[in-house]
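The following pair of complexes shares a single chain, subunit A, combined with subunit B in the former and subunit C in the latter.
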Partner chain A sequence: MPTTANITINSVEGNNAIKVIHVAGELDESNLPQFESAITPIMEDKSVKVLIFNFMELKFMNSKVIGFFAYLYTTLSKDKRRIIFASYNQTIHDILALVGLDKLVDSAPTLDVAIQDAYKLINPE
Partner chain B sequence: MEKQTVQITITANLDYSSMIRHVAGEVFESAKFSKAWCGRLKLVVDELFMNAVKYGSTKDKSLVYITFEFDKDAVQFTIEDDGTGPKAKSAEELRAVIQKNESNNDLTRTSGRGLALIAKMWTDGMQVAQSTYGGIGIGFTKKLENAEKPPENAPMELPILSPEQAPANLPTTAVTPTLRPQTPMGAPTGSPIGSQIGKGPVYTVKLSGEIDQSNMAQKIAPVTEQVNAMPNGAVLELDLSELVYINSTFIGNLAGWYRTIQQKQGSLRLLHATEPVKEILTLVGLINVIEMVD
Partner chain C sequence: MKFLRDSLTKKAIFLFSVLLTALVVVATVLFRKGVVQVSLWTFVGSLLAVLLFILIVFLLDVMSPLSRVAKEVRALLGGKNYQRVPPTTIDEIGMFTHFFNEITRDLEKISYDVRERRRMTSELDIAAQIQRDVLPKSAPESKGLDIVAKTRPAAEIGGDSFDFLKTADDKQTILYIGDVTGHGVPSGIIMMMVNTLVRSMLSMGMVSSRDIVVLTNTLLSPKISSRLFMTLVMLRWDSENQKMYYTGAGHEHILVYRQKTEKVEAIRSGGIALGMIPDNSLIAQEKEIPLEIGDSILLYSDGMTEAKNKTGEMYTLERMVQSFQKNGYFPSAESIFDHVTKDFQAFVQEYVQIDDCSMIVIKYAGPESGAKMKLSISNEEARTAKTSKIWDWES
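And then the complex of A and B:
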């Protein structure tokens, strides 16, 4: 009964600069390699400026996964690219807060707000 | 409620992590922990299971032995391995590692040894002993009465002193507003994200000595005050030349200042960081994010 996570990746209204990654289920060390494989192409595509992770249906992630997000954040930051975490629950918030990632990475209460924030990031006034 | 016991004997394979977490969640819920606390304690169980499988066992050959015991007051969790794993340690060695990381508050390593701090914040104590199965038995206790509010010392709950509250004796910090010619901070031209930043006045705050939970609020108050007061486009330099130790809570605050300053179109620079501080900043990746000046 391996840990399962369903990952779907969309662009926002045909705007390739913003990608939404919907993560449902649980993430831990057993399925982290598959998660990394799914995210790495987006990370390497420099035309993608903002990655929104929709955690509305994510029930669990552990410290190994946090380590990957920290790596993702620092890698993208070098090119002034951003991550937004959207709609995470208390459990996810607790582990993000434990390592201070909640202060480092932008977050949004809903996916719609995250998308609005992403547009502001790529089109600053 | 009489003491209830749930025991699981399972092959050492991380594919079973989800099932173990599910059982843990059911146990903690039965023991009347809140949903938030069920989530936290599940994470601790997950970390312990991961360590037992990865370090204490031979994958798919070893068995891992898990016990939950709970009554109306508390829950006790224990996991034992057979010690045949590639990085198996004795109980004494593991106790020493945990104790070392507990006292260092080293959250930068969030798995394995970082478990020490998770356990410290979210449980009422960890126990490590030699197991009759050949390896280590490690476990924790959590009392229901200690789970009625969020955990203490969580980074997000650190009190931020207002200027009025800041204690008068701040021997190791100084705030020096320094006006310098406006210099673009290297923001890429033509980039759709960001704009020219950090062209305003430069403020310097010196931090020195050791910063840990015992003196955190006092030490960081001048920095937080400066971050909140500085105008848009300003630069904050933190002089770390005499800072020899920082803990994870400081890292969380540093990340928060960085973000606030970014939102103000300003810049944060770290000056002359010592090697121990650089090491921690490297481990969490902030060395690649925040400008460092030697």
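And then the complex of A and C:
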């Protein structure tokens, strides 16, 4: 049975430096190429400073997807750009915590908190 | 005259029309001159001239191009060198010539692809054998422990590994299970790099599982992309003091069956996967797993918990825990292993294995027991029939 995920990308109102990527469904190696091709243009756009991944409707992701996020984190960190994981459920939290990615990537309990954190990152006092 | 060039039939009709016209013209001229008889020789000569004309046209326009193509087709069918034929007409013969050229072009490409595939398969077979040789066939004696370990790669080369080693002072046994992201050649290469690094460190006198994990990460990280990380959990068995310790690097939970309570504890292995960050020294920690006689430990890779049955349902950690809890009381590691495997088989059935699967069961039998270890890596023949029958370590 093929794995499906729905990905939508928005800018935060009035601020192109913050992108919100809503991911719904499940992510694994079968749909990872499509996911990558959706994210890569944003990754390459240096004007985007913070990527917020809204995982509220994400049910599962496997280690290959984790590998892509680790790569994304490493690549963006070189330009002092950041990732925030928002609204993940217990399953996603367990997957991220198991591998240790939660120690690298910022997280927020809700999308609104993630957006506020993103503003603080791009406009530090 | 294009309408003639694209068809033999049109050419034949045209030729017939020309000859018929010539005959009518000659007959009319002779009739007007009052010639009502011609000599036999004149008639035969004229007929021969006409037939010769037809033959020349047939040879030049039909037989010559056809025989050129036929010669190359014979060479191709006979396995000899052949050449492509430049088409000189656009009629049916020209079409067959063009078809021959296209077919030979495709055959050459297919032949090249087949040769390349054979070469790569042969190299993969060699690489798979090297990897199998790297995985342990036997294990050092470890007083008090009864161990069964099996792995089954999803492809010719797997990313899962385990190993059992003695420290240089012979007082500790190091066991680990590791899982590189994905499977296949890139994962296999990293698995072997880690295997070599761990063995080297032990031979140089390192004892602490935490130090081994930290140094392995330090040496590995600069060499690999962050996409390709390796999760690992390393156990250190102090056979003198009969104590078990562990250091995690982002691996699956360590399941511990407690004989006294008949319950399973799922311990987070902790840490961060190897290769994710250059320095994990602040995160890696060695902790003790207190064990009593009869307790068991189960280590596994995510190929097991993420395995799906035909309805797309995942096996999950919960099922793994339930199975271990149900079967942890068995007296030997082998019987626990077999029963946990049976539960897994009953769920996945004819499972299309998409990730490497590995499992280790360790039974603490007490200091007076002799050490037993049973290790198994699925064989090459078994890998060819992954989807046709009920999943098993050996098939």
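Throughout what follows, the second predicted complex is superposed on the first by the 124 of 125 C-alpha atoms of A that agree within 3 Å, B and C clash if a C-alpha of one lies under 4 Å from a C-alpha of the other, contacts with A are read in each partner's own complex, and residues count from 1 in each chain.
Simple rule for what comes next: a residue touches a chain if its C-beta (ideal position, glycine included) is under 8 Å from a C-beta of that chain, and two chains touch if they have at least 3 such contacts.
Source: prediction; values computed, not measured.
**Q** Looking at the overlay, does A:Phe68 come into contact with subunit B only (first), subunit C only (second), both, or neither?
**A** second
**Q** After lining up the shared chain so the two structures overlap, which partner does A:Asn15 touch, if you call subunit B first and subunit C second: first, second, both or neither?
**A** Neither subunit B nor subunit C is touched by A:Asn15.
**Q** Is A:Leu98 contacted by the first partner subunit B, the second partner subunit C, both or neither?
**A** A:Leu98 sits against subunit B and subunit C alike.
**Q** Which partner, once the models are overlaid, touches more of subunit A's residues, subunit C or subunit B?
**A** B
**Q** Which partner does A:Lys80 contact after superposing on A: first (subunit B), second (subunit C), both, neither?
**A** first
**Q** Return first, second, both or neither, reflecting whether A:Glu29 touches subunit B, subunit C, both chains, or no partner chain.
**A** Once the two structures are laid over each other on A, A:Glu29 reaches both partners.
**Q** Both subunit B and subunit C contact which residues of subunit A?
**A** After superposing on chain A, subunit A residues 1, 29, 60, 62-64, 66-67, 70-71, 73-74, 97-101, 103-104 contact both subunit B and subunit C.
**Q** Quick one: in the complex, what on subunit A touches subunit B?
**A** 1-4, 17, 26, 28-30, 49, 60, 62-64, 66-67, 70-71, 73-74, 77-78, 80-82, 89-91, 94-95, 97-104, 121-124
**Q** Inside the complex, what are the residues of subunit C that reach subunit A?
**A** Its residues touching subunit A are 179, 181-182, 225-229, 231, 249-253, 268-273, 276-277, 283, 302, 306, 308, 311-312, 314, 354-355.
**Q** Could you please specify the touching residues of subunit A with respect to subunit C in the complex?
**A** 1, 29, 60, 62-64, 66-68, 70-71, 73-74, 97-101, 103-104
**Q** Which residues of subunit B touch subunit A in the complex?
**A** Spelled out, the residues of subunit B in touch with subunit A are 14-19, 21, 35-36, 39-40, 42-43, 46-47, 50, 54, 107, 110-111, 114, 117-118, 121, 154-156, 187-188, 191-195, 248, 251-253, 255-256, 258-259, 284-286, 288-289.
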